[in-house]
Amino acid sequence: MKTHLDDPEGGGIAAPAEPGREESSRATWRERYREVRGLTEALCTPLHTEDYVIQSMPDASPAKWHLAHTSWFFETFVLKPGLAGYRGSDPHYAYLFNSYYNAVGPMHCRAQRGMISRPTVQEVHEYRRQTDEAMEGLIARASAEEWRQVEPIVELGLHHEQQHQELLLTDLKHMFAQNPLRPAYAGPRRTVHAAGPGPVRWRHYEEGVHWIGHEGGGFHFDNESPRHRALAPAFQLADRLVTNREYLAFINDEGYRRPEFWLSLGWMTVRDQKWTAPLYWEQPDGDGWREFTLRGLGELEPEAPVTHVSYLEAEAYARWAGARLPTEVEWEIAAMAEPLRGSFVEARRFHPSPDAGDGDRTAAEAGNGSEPDEAGRDAEAAELRQMFGEAWQWTRSAYSPYPGYAAPAGAIGEYNGKFMCNQYVLRGGSCATARSHFRRTYRNFFPPEKRWQFTGIRLARDVR
Amino acid sequence: MKTHLDDPEGGGIAAPAEPGREESSRATWRERYREVRGLTEALCTPLHTEDYVIQSMPDASPAKWHLAHTSWFFETFVLKPGLAGYRGSDPHYAYLFNSYYNAVGPMHCRAQRGMISRPTVQEVHEYRRQTDEAMEGLIARASAEEWRQVEPIVELGLHHEQQHQELLLTDLKHMFAQNPLRPAYAGPRRTVHAAGPGPVRWRHYEEGVHWIGHEGGGFHFDNESPRHRALAPAFQLADRLVTNREYLAFINDEGYRRPEFWLSLGWMTVRDQKWTAPLYWEQPDGDGWREFTLRGLGELEPEAPVTHVSYLEAEAYARWAGARLPTEVEWEIAAMAEPLRGSFVEARRFHPSPDAGDGDRTAAEAGNGSEPDEAGRDAEAAELRQMFGEAWQWTRSAYSPYPGYAAPAGAIGEYNGKFMCNQYVLRGGSCATARSHFRRTYRNFFPPEKRWQFTGIRLARDVR
Amino acid sequence: MKTHLDDPEGGGIAAPAEPGREESSRATWRERYREVRGLTEALCTPLHTEDYVIQSMPDASPAKWHLAHTSWFFETFVLKPGLAGYRGSDPHYAYLFNSYYNAVGPMHCRAQRGMISRPTVQEVHEYRRQTDEAMEGLIARASAEEWRQVEPIVELGLHHEQQHQELLLTDLKHMFAQNPLRPAYAGPRRTVHAAGPGPVRWRHYEEGVHWIGHEGGGFHFDNESPRHRALAPAFQLADRLVTNREYLAFINDEGYRRPEFWLSLGWMTVRDQKWTAPLYWEQPDGDGWREFTLRGLGELEPEAPVTHVSYLEAEAYARWAGARLPTEVEWEIAAMAEPLRGSFVEARRFHPSPDAGDGDRTAAEAGNGSEPDEAGRDAEAAELRQMFGEAWQWTRSAYSPYPGYAAPAGAIGEYNGKFMCNQYVLRGGSCATARSHFRRTYRNFFPPEKRWQFTGIRLARDVR
Amino acid sequence: MKTHLDDPEGGGIAAPAEPGREESSRATWRERYREVRGLTEALCTPLHTEDYVIQSMPDASPAKWHLAHTSWFFETFVLKPGLAGYRGSDPHYAYLFNSYYNAVGPMHCRAQRGMISRPTVQEVHEYRRQTDEAMEGLIARASAEEWRQVEPIVELGLHHEQQHQELLLTDLKHMFAQNPLRPAYAGPRRTVHAAGPGPVRWRHYEEGVHWIGHEGGGFHFDNESPRHRALAPAFQLADRLVTNREYLAFINDEGYRRPEFWLSLGWMTVRDQKWTAPLYWEQPDGDGWREFTLRGLGELEPEAPVTHVSYLEAEAYARWAGARLPTEVEWEIAAMAEPLRGSFVEARRFHPSPDAGDGDRTAAEAGNGSEPDEAGRDAEAAELRQMFGEAWQWTRSAYSPYPGYAAPAGAIGEYNGKFMCNQYVLRGGSCATARSHFRRTYRNFFPPEKRWQFTGIRLARDVR
């Protein structure tokens, strides 16, 4: 079995220790910089100017804002402190495009991001162009000492941009869903009449003490460290994600009307928000369910993983199903033994896909067929399916610091630590996550009532 | 004295009774149709695509929505019922661009108008083009009988569009004001160091019974009728609008901190909204006041009429000043004796201007100098100044039906009557009102706490 | 015909000009003071201590607060300025029991009145006792000059207390209605199977100029003056109030589901508040309507006047019925010609009663039979029925100042004038109004969406 | 060292296995039943009737409601299912006094508990009396088999009542704090000029795997089980609670104005709620701090433990102090080695008290001196001070299920499990907790932004 050491997590570019490799490292960085920045813009190709402007809820941001904020990050944390003679952008940008870094200065109110028609999309693209020019100059010409200083921030900035790529897609989806015209971001999906993944099989894990958290020199977020030992009792993990068909059985069993399945906060939310199904599910005439995806409104695909469920719904579903959600420790123990492959954003499916089952692992699927499906599934059957990509998997673990964790000093320290309250950990990445951004130790987190990310459910069970 | 019969109100095109004049009438209608529709689009010339999309508050609408809704009006009330074989626009438009006409069908939620990136601006312009084509066809080819039916609705539709022109400007102003960049809609105003209008003089009116409301065959809204007699006690009316300088004295006398000047609702609003000055006034460093106008942020012009004040502020100011607001009957009595001239939107000033005083009535001013100032002031000194155009004048009259008023049947009946509750009447038009839309009997109305229209203050006094 | 001069409005005690009558006047005042203050306490007889404490909505106040605030009024406006050596109550009371008099000082937040368990009911009664002692001392011993100063304030204070008696009853009713136990304030009403008032007859009034507003020396509120002339076109007035049976026909005709009957604000309120019937109507099992009254929950009485309807509902009902609401000028013209009699609070019915129709005017009814029905109806048939008492009659007149009105200086000037915005005038008194408090020129006012007062509907019609 | 086996947690009455002891067990139960129920009523002794009625915020409940709800619990879960022929209370009570047990039926809206003046306090006391009578009958006369069934529910009901005793005190405190009169629940505290507890000393704990959770047969809540092993890295724990003096240093260092100390949710809450200090701290004239306690408003006692801080504030304080909050595992590890003594509600201090320091452990203090201070401190100096009683200690552990936890079936299963979301664990009990209710494994929980409980801070540190 391949171990995770053979398959380095996340593609982080380890700072090379050997002299003489400096130059080729810079070229690699420039390439990676261009690749990440270019994907952001490529993801905007289907948009009209009007699509860039709207903030469809306080949690979301306009596409224009994502484009500008990711440049602001490089400008603020790399160029201004690190590039001599750098002459910044419009001084208002520092205010308009700061997200939440109090240490950097005051910021525009989050809920007002959709009130700003200027700078225009073209001006924002110009802002990106100028930032890129300065960044590439810095990458090319920084002294070794200077580079040593900024390299980690550049790497962080690229991962930051990749996070915003995912938000860009989910925020656009939310905006399009508000429009009675239900515009599609991408062309219609090829209908796949999947045979279905078959019944869940449970994989067994023995009690043990495991090392948890990031190991080694590659890139990782601060919240993945310190690496530490954790004791996990024996548990079982489902070999695949919960499907729409299964979730529909919960709905049809009056799942959204029976308080006994729900956390107290869940039941309150169901009633206040009048939830009757996952986000983006519609039942226009009271019969067949339809689902709005980035490819438009279509029939609900029964064998696809359920997505756009909150923690509260995942938790209620699990209780209804006689199971529970895994802890993040359990998830990581299991993930470490699996090959890191799955359907990430590079596959351009933009929606979780059915698992074809054991007999059908070779069926190639592609969103638009235009690029190599490098990050797609491979044909070799694994014990655990859909472990990576597809849909973020809610864990029952509240997002909290690992033992010994301390946020870094300064603005960068605001990146992760300050959100460790009233959020739950999600693991595994999604169809909107960049493969090169992901690691097995990656800890995503969202409040338990949020549903606009590509979130799904994998069940676990106690061993009694 | 010129009577108002010599100076027909509002330029309404009276339906011609004489045969043989039918054809020239149609040509006149086509011309007027083009003129009004063209002005809407001309007012959008300074906009970027992004500027069309945003709804900066529930009271406001995106520019794109105004463009589409005014077409929807012609489509719904003229083309669909009146043009045989008319094939409408996208069926969703009937839902998306209905404002509040319950009789026509369900409508998109007002507060969600800014969530809609599609149809795009270009598609909305195409919608207008198709509507115009169909409308011009109808104007040209309708039979005399058909035309008799639709003519009043066409005329209403054009006045409707002119109302939205004014809202378009005030909504854009509000949106730009939310942006820390404070974008300007038009170029900077020519600074006018006006000498000031001099002290207020009071014009005296004797007690009497007067005819109030629209008379004759020209266009008017239903709320201006029935013409009826009203008894007005003797009163005095200020010969001009209250200036920024005068309003500043109220502020400096702690006007916004002394409850004794305010209506109960006013005082609550001052505290809840933290009002300290009219809308769009800023005091960036605690000293000099600046004002955001459609021409950008600039110094407050002391001799210009105060604008963007609510009824509540106008009422408090009047009490502080030892006066009161006029009733709408008083205003109309006075207005009927004055020549209808003033600075309307055609002057393209986009802000109320100082009155140069008696000695300086010949100074021609223009917004951008590029078009003839047809609607500007003339040099002849009138007794009452700034009676028309500049800023809508709050009256102390709650908006209520004239004796004998009944709203027309059907959807058109929803135009005015259903708003006769918790609103106050404004008279006189503003710098954003089309001259050809205005009449002396025109009754505008807004809730007493709203400030984003070009609203101002003319004082009145009792005669004891 | 008796004129209103024969039947002085409201029982105001005109300041006697003749010397020698001073002493008997003081005795009369003491008697009236005791009578009014005593009724307040008598109205509290059915209450448990717990009933005094609760504020069931921001518009309402706890019974305890009404008891204390009415004492605060005398203390603040009579005793402190007028009684040498007066040593006031707990200094906190000035803050706790000021309602809205900014000129007097800061005040406890209105919405927090139900947060205050102390002072206890007993302490509040002690506060009333001390106030009464001081007031009676002042009435007895003030010099003629002193008395001349305070007499109008004493009279105002008593009318103020009578207003709070009405609020006390309506606030208690609202509180009891929140309780699933539906406690009754008074014993069950004697079921009256009234024959019904018969069809509405319309009384005709010719066009004319009338004097409006209070005349003569008796007590009146400032808002009833100045007396002035008003021109009223010809109109018709219904001879009686709208009944529950008639209002039910509006409901059964889908009145609450058809926007065409409603003002825009009305339709919004119907949907936001989910109104389907007047306040306090219930349909527990989807069939028969029940109504909660101060005598408990019982069957809806079809021939009783509809009550607890908002202006918005009254206006919609009138439109549905092909009529309109009267203006307050019309109402006053009609009222001046009618004998002032009706069912006021002294009748202790605590709910509007059916009118027995022409043939049955002698049927004496009583709430509990225990006291003389002094203020009840008499047997002589009048042209207009139910003109006074029973239920306040919504007019279509926004509450605004009479021509020449100016609020008095000082705190007393805050009594009426500052509420002249976004309220509508109600006329005629109700079953919760004291007869000795009422005058034909009395102008009550409430916001158009409020329903917890005893409000009803009398229709009017234009004469074409 | 005494182990916790010598000092059984919580005083639970273990079900006796031996025959023959049945009878004495019943007597013990009756005694314990009377004791607990009696304390609830004793805690109400200082109240006036008015004090029982008010709900000062949605989180709190009226005293009357606590009295009734705790009876409802016995009635619903013991008497109705377990006592043949039991004839229940008013059927409305089942609706009015259900808190959140969906399995039992619909319930009165929590936020409306203060709208209910009836049943009166006297009727509620009668409800308690009848319940007690029935309960004592059941305790005396149930067959052995019946008793076996109900005994655990009786025990749960008593612990449930003890939880409401604590809420009763904190809810009353909150209500009195809303009143500008600042009523005191109890007499003034004896001023203690404590010398101060001296500087914090850190107690060291080595890494290890520990058993966590309740052990043995005594009473415990379901959330304290299953007992399981947990791995804890080495850590240090402060030997005492943070004092007001120390917390004031945080305030004076601009703690409430510097975002760098705060969780993101904390900083938002500070700004939204305008927090500048713990709840109940006041600075009337901008200088000296005062604190409202159940004994009235007085000077802030510098050496007393800080209390009424939220998790968000505790977390920020810890960061400012260069430390962190303990996990609940760490806290339990430390607590297991300490003698279970401290100042609980039986001491009737009603506020956390200063620790006198090592030299002064013998100073006996008492709230009112009238009852034996059975639960007070003893004189033997422990390594860890203030570990139990005084103020609940926030842990950094989100409230989540222990490995293998499953909520019991039925309504009782709603007791704890459904709240395991967006809450944090508190440990140690408080001055308002009954000593006989408390165990070392006790897991209390509250949302991170709540402050009206007696919550305090004990710091921990990593060992690097």
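A, B, C and D label the chains in the order they appear, each numbered from 1.
The rule we apply is simple: a contact is a pair of C-beta atoms (placed from the backbone, for glycine too) under 8 Å apart; a residue touches a chain by one contact, two chains touch by 3 or more.
As the structure is a computational prediction, the values presented were derived from the model and not from experiment.
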| item | value |
| --- | --- |
| If a chain touches chain A and chain D alike, it appears here | none |
| Centroid-based (C-alpha) most distant chain relative to chain C | A |
| Length of the line joining the C-alpha centres of chain B and chain D, rounded to whole Å | 63 |
| Intercentroid distance (Cα basis), chain B paired with chain A, Å | 49 |
| Between chain C and chain B, distance of the C-alpha-averaged centres to the nearest whole Å | 40 |
| In chain D, residues with contacts to at least two other chains | none |
| All touching chain pairs, where touch follows the definition stated at the start | A-B, A-D, B-C, C-D |
| Residue ranges of chain C in contact with chain D within the complex | 48-54, 56, 64, 90, 92, 95-96, 108, 112, 114-121, 175-176, 178-181, 183 |
| Of all residues in chain C, those that touch chain B in their complex | 100, 102-103, 209, 228-231, 233, 259-260, 262-267, 311-312, 315, 396-398, 400-401, 403-404, 406, 418-422, 448, 462, 464 |
